[in-house]
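Note that the chains take the letters A, B, C, D and E in the order they are written out, and that residue 1 is the start of every chain.
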Amino acid sequence: MSTEHQTETPMVEIRNVHKRFGDLEVLKGINLTVNRGKIISVIGPSGSGKSTLLRSVNQLEVIDQGKILLDGVQVNRPDKKGLAFERHINHIRQNMGMVFQHFNLFPHLSTIDNVTLAPRKLKGMDKNVARELGMELLDRVGLAEKAEVFPNWLSGGQKQRVAIARALAMQPKVMLFDEATSALDPELVDEVNRVMRGLAEEHMTMLIVTHEMGFARDVSDWAMFMDGGVVVEEGTPDKLFSDPDQERTRNFLSKHLGDHH
Amino acid sequence: RDLSEIRDDVFQVVNSGAYPPFSFVDTQGNLVGFDVDIAEALAEKMGVEVNVQSSPWNGIIAALVGGRFDACICSMSNTEERRQAVDFTDPYYSAGLSVWVQGDTDDINSIDDFSGKRIGSTLGETGNQWAVENADGKWRNQTFQGLPDMMNGLTTGRIDAMIADDVPVLVAMQENAPDIKMVDVGDLPRWPAAISIQKNHPELLKALNSALKEIKADGTYQDIVDKWIGEGANIQ
Amino acid sequence: MEFDFGPVITYFPTLLKGLGVGSLVALVVAFMSIVGGLVVAVISIYINKVLSWPLRFFIWLFMTTPLLLQLYFLYFGLGEWILIPAILVGILGLGFHYMAYNADIFIATIKSVSDGQYEASRSLGFGHGATIFYIIVPQAFIRAIPQLGNNMILMVKDTSVLSAIGVAEVVYASQYAISVTFRPFEFFIVIAMLYYLINIFMELGQAWLERQTAYRR
Amino acid sequence: MDFSLMAEVTPLLIRAALVTIDISARALFFGFFVACGLVFLQSFRFAPIRWFARGYISVVRGTPYFVQLLLVFYGGPSIGLKLDPFTCGVVVGAFNIGAYMSEAIRGSIESVDKGQAEAARSLGFGKVQTMVSVVLPQASALMIRSVGVLAIVLVKNSSLVSIISVVELTYQAQRLIGSTYKPLEIFTLSALMYIVIVYAVMGIIELAYRRATRYTTQ
Amino acid sequence: MSTEHQTETPMVEIRNVHKRFGDLEVLKGINLTVNRGKIISVIGPSGSGKSTLLRSVNQLEVIDQGKILLDGVQVNRPDKKGLAFERHINHIRQNMGMVFQHFNLFPHLSTIDNVTLAPRKLKGMDKNVARELGMELLDRVGLAEKAEVFPNWLSGGQKQRVAIARALAMQPKVMLFDEATSALDPELVDEVNRVMRGLAEEHMTMLIVTHEMGFARDVSDWAMFMDGGVVVEEGTPDKLFSDPDQERTRNFLSKHLGDHH
């Protein structure tokens, strides 16, 4: 097995993944390899299946066909049922942080508790240690002074940053971002950008769904363009954004680039 | 309401409807019993129309005091305290307390033997009052909502003895012969059962008393006793 | 009608003692029925059907039959085999009864907590059970507070049913006193006031809880 | 079990059960309007009206139902309100359950996300229309459950109206036990009848609940 | 009164608006004039009070001080209470469409019903007419085929587009967008951009809160930069984005421009 060569195992592997909702086939055989410490962006039009792909990676959506591997370990396990699958997937998910498009903060917990709940309960981290870690993370996203505030009182961007801090608190191997920066202003995008770079240096792997081409181009090591449930094209950001091979990609990007000139 | 008003309307009488043989519903749903017949006999003598209805015990007192009913002909004991609140007619029978134990009990033969025992009585009845006032820490009182419950409590061993008016228990014994027996523990008080009416209605009181005398005199009373209590029984 | 509250004063200590007994029962029952109701709701929503079937039957049984009958059954019906003390019968009967009611409320509020919350928690690595415990239940509980308050306020007054099996709570105490003194209205008015006193505390408690949780919705 | 006795008293108990159904159904019907009225009054900006509604709810929930029955039944005539026992049961029942129901309705409404009302208001919906078109449909799931519980409570609490001499199922059963000394048989029968009634109510609740939550599962 | 010169009355006027949440003063005297048929963008860092300002315009937040006017009519009316204010504000709001940062679609209604609810209930529009209008709007945002679907089954971008269609259905005089395009991919941004331009030609006035500087620059006639509850600077997009007067604005924008070059 390839797990012997730790450093060479890709962090995430997506192999021929299919997913349907009723009659609608949303993912039609997706393949993607994400190497350790890399940042991969997924772009594509609305409804193309980006969120569904991301949710499949940590099995919030059970896929119909194909394989997903995290660090060489298979994530989807059609052979495991019930409790056995539960135990397996909970363990896996602790290594994958996810930031949702709609944030999904826990409204009954203060900001700091949102961040520290998982390390306290899942890793049995001491309350004070967790608090320190949480404050550090909140500080990193510029929200230290909102620690005791409840999510309902936060602005959109503030919520999003709390969601990022919450996902980071488990010190996962991979971070999955679903439009993680859409509610952030440029200064913060820059901030998050720096945070991500820092994480990448600490060998954090990141899979990012985004609509902000500029951000995607800036931050990522590899980019993938999806449409209608299939991968249209992938490559380095430089290549994909400046000189795409596919007509479809060009069309999509031209709209965007048109915005700025 | 006093008599004159009742004459224009109906004489409203209440009982508990769950106290055989004095008042109960038969399997056809009719409210019958000793108290009901007495009420009807009295009304006839008084020359008024009567309507007998039933209400749970804790509603009865409110019903009487609240004035929705004119009289409670419901085997009510005439006691000192109650006379503060309502008026009583002359007694229309006299009820005796009795003590009952399980068939195989032999260590309860006097009131002194109640010591340390669990004694049952029906909440709100005179037996209950007697047991509460005389317990003085010697025995534990346990109460029930009605005679059927209490007999059940006695046969299942929730209580060691029960205190109840004798007639209803005797009648119940005839009906379904549970394994219990009466013990003579000596002196237990007897209370006169009387009709209660609201205070300050002298006309009604007088009419009821004279009607009572009449039915006792002309034999109607004894006929009713024969019918419900037993041939030739004397409960005066 | 003339009122004479003299007798009430005589029997007031007994009434207070009855109130104490009733409150004690109510406290235990509140705890039991809320925790139990939550457990029943969680099991019947989340855990597999095999377990949930008897539970649904349990809910069904306690919801469909009157409390009084349940008490009679536990007190007299089981009397042939086991003699449960009256106060325990009362606690069990009331407890299971309101457990069934509360479970029904929790079922609705648990279902109303959005799927997004469940997913967010699962994606952090919380298991099914932990998600329910840390995320779903607290939010469902917050939403259930007004209805739970309602049920518990009803329950406090239902403790009077226990007088039927001889538990000396306040209605019981008054029933005895009324049959001795024949002052029903005076006693009922005083009982109503005593209950109202308890109710004020419960409403204050509920309002406090609602205020504390208003911004946590 | 004495089956011949059971057969004999069944018609009596059925008649009493019909009284139970009748009195509960009417109280529920009118109680719902009382509840809506109370919810409405609580939304007034003029504080005394709100206080009145809160005070009413507080007092009615705070005092025992049987005391309310007795006071209205016996105290009513002195203020010119002479109701026959059945009507009194319906009226007091409706005003009693209405207080609880208004709290149940309020709680359900408050459980709907605030953003929903804001979205409707920003479209120009008035308070009432926001309530009707947007908030209530989403509150209805919880509302059906919690009002449903109260409907069941109402059926079961209807036994308390016997205190003003209405002969309903429980009291009839108790009277029959008093005369026959057969508690097991008679309680079994009356329990069965309660089960049928309440089960029917639960069935209706369940159906309504499924309808109200249709949009969450397609 | 200036209402005589219809064309010269500004569509929206915000005069010295103050708003506080408890101890936190979020708006500290904002002034802004939005002329008929113009598109105004509001930019600024997270937590600067942009959403609060927008919500104040249609009085979802009651302001503490100042004045807001729509087409010469005062929106906030501290003098009116209770029902009188209700009637007044409902009428006003029918002329202001709002698209929320979190969309707030009605989950119990299908997409088409989300869009047609307001015209049907508020304008008494016939069901079929409303449906036609609704389908037209859904088509305009590219979602005609999702008409019968419930919001829970929509992707992020799809939800956002439904929210836009819903606000347009009342044919308002002003549209208020709170990050209305954050979940849209470039193609759609372009689409929405065109929709907006079309609306502007039909004399629709628009007030837009956005983090996408490119979009703001492209689409708007006037731009305002807020920070910490005050207006730092405003001007034409050309001026504001290329040559801001204030240091603070320059700083904020430099981060953004840095993204793309």
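Just so we're on the same page, contacts are C-beta pairs under 8 Å (C-beta built on N, C-alpha and C of every residue); 3 or more make two chains touch, one makes a residue touch a chain.
From a predicted model like this one, the values you see are computed outputs, not experimental measurements.
J.: Please report the smallest number of touch steps linking chain A to chain B.
T.: The fewest steps needed to get from chain A to chain B is 2.
J.: Which chains does chain A share as contact partners with chain D?
T.: Intersection of chain A and chain D contact lists gives C, E.
J.: Among the remaining chains, which ones contact both chain C and chain E?
T.: A, D
J.: Greatest Cα-centroid separation from chain D: which chain?
T.: Of all chains, A has its centre farthest from that of chain D.
J.: Per the centroid of Cα atoms for each chain, what is the distance between chain A and chain E, given in Å?
T.: 30
J.: From the mean C-alpha coordinate of chain B to that of chain E, what's the distance rounded to whole Å?
T.: Those two chain centres are 81 Å apart.
J.: Where the centres are mean C-alpha positions, what is the separation of chain B from chain D, in Å?
T.: The computed centroid separation for chain B versus chain D comes out at 36 Å.
J.: What is the distance, in whole Å, between the centres of chain C and chain D, each centre taken as the mean of its C-alpha atoms?
T.: 17
J.: For chain B, give me the residues that contact two or more of the other chains.
T.: 58, 62, 65-67, 149, 152
J.: Note the residues in chain A that touch 2 or more other chains, in rising order.
T.: In chain A, the residues touching two or more other chains are 102, 153.
J.: If a residue has to touch 2 or more other chains to count, which residues of chain C qualify?
T.: As it turns out, chain C has residues touching two or more other chains at 1, 76, 184-185, 188, 217.
J.: Could you list each pair of chains that touch, in label order?
T.: A-C, A-E, B-C, B-D, C-D, D-E
J.: Inside the complex, what are the residues of chain E that reach chain A?
T.: It comes out as residues 21, 43-47, 51, 101-102, 153, 155-158, 161, 178-179, 182-190, 193, 211-215, 217-218, 251-253, 255-256, 258-260.
J.: In the complex, go through chain E and note every residue touching chain D.
T.: Touch list, chain E to chain D: 58, 60, 81-82, 86-87, 90-98, 100, 102, 104-109, 117-118, 121-122, 150, 152-153, 166-167, 170.
J.: Tell me, which parts of chain D touch chain E in their complex?
T.: Residues of chain D touching chain E: 45-46, 113, 115-116, 118-127, 129, 133-134, 137-138, 215-216, 218.
J.: Can you check the complex and tell me which residues of chain D touch chain C?
T.: Residues 58-59, 61-67, 70-71, 74-75, 78, 100, 103-104, 106-108, 110-111, 113-114, 141-142, 144-146, 148-150, 152-153, 156, 159, 170, 183-184, 187, 190-191, 194-195, 198-199, 202, 209, 213, 216 of chain D touch chain C in their complex.
J.: Under the stated contact criterion, what part of chain B meets chain D in this complex?
T.: So the residues of chain B touching chain D come out as 14, 17-20, 24-29, 53-56, 58-59, 62-63, 65-68, 146-149, 151-152, 172, 175-176.
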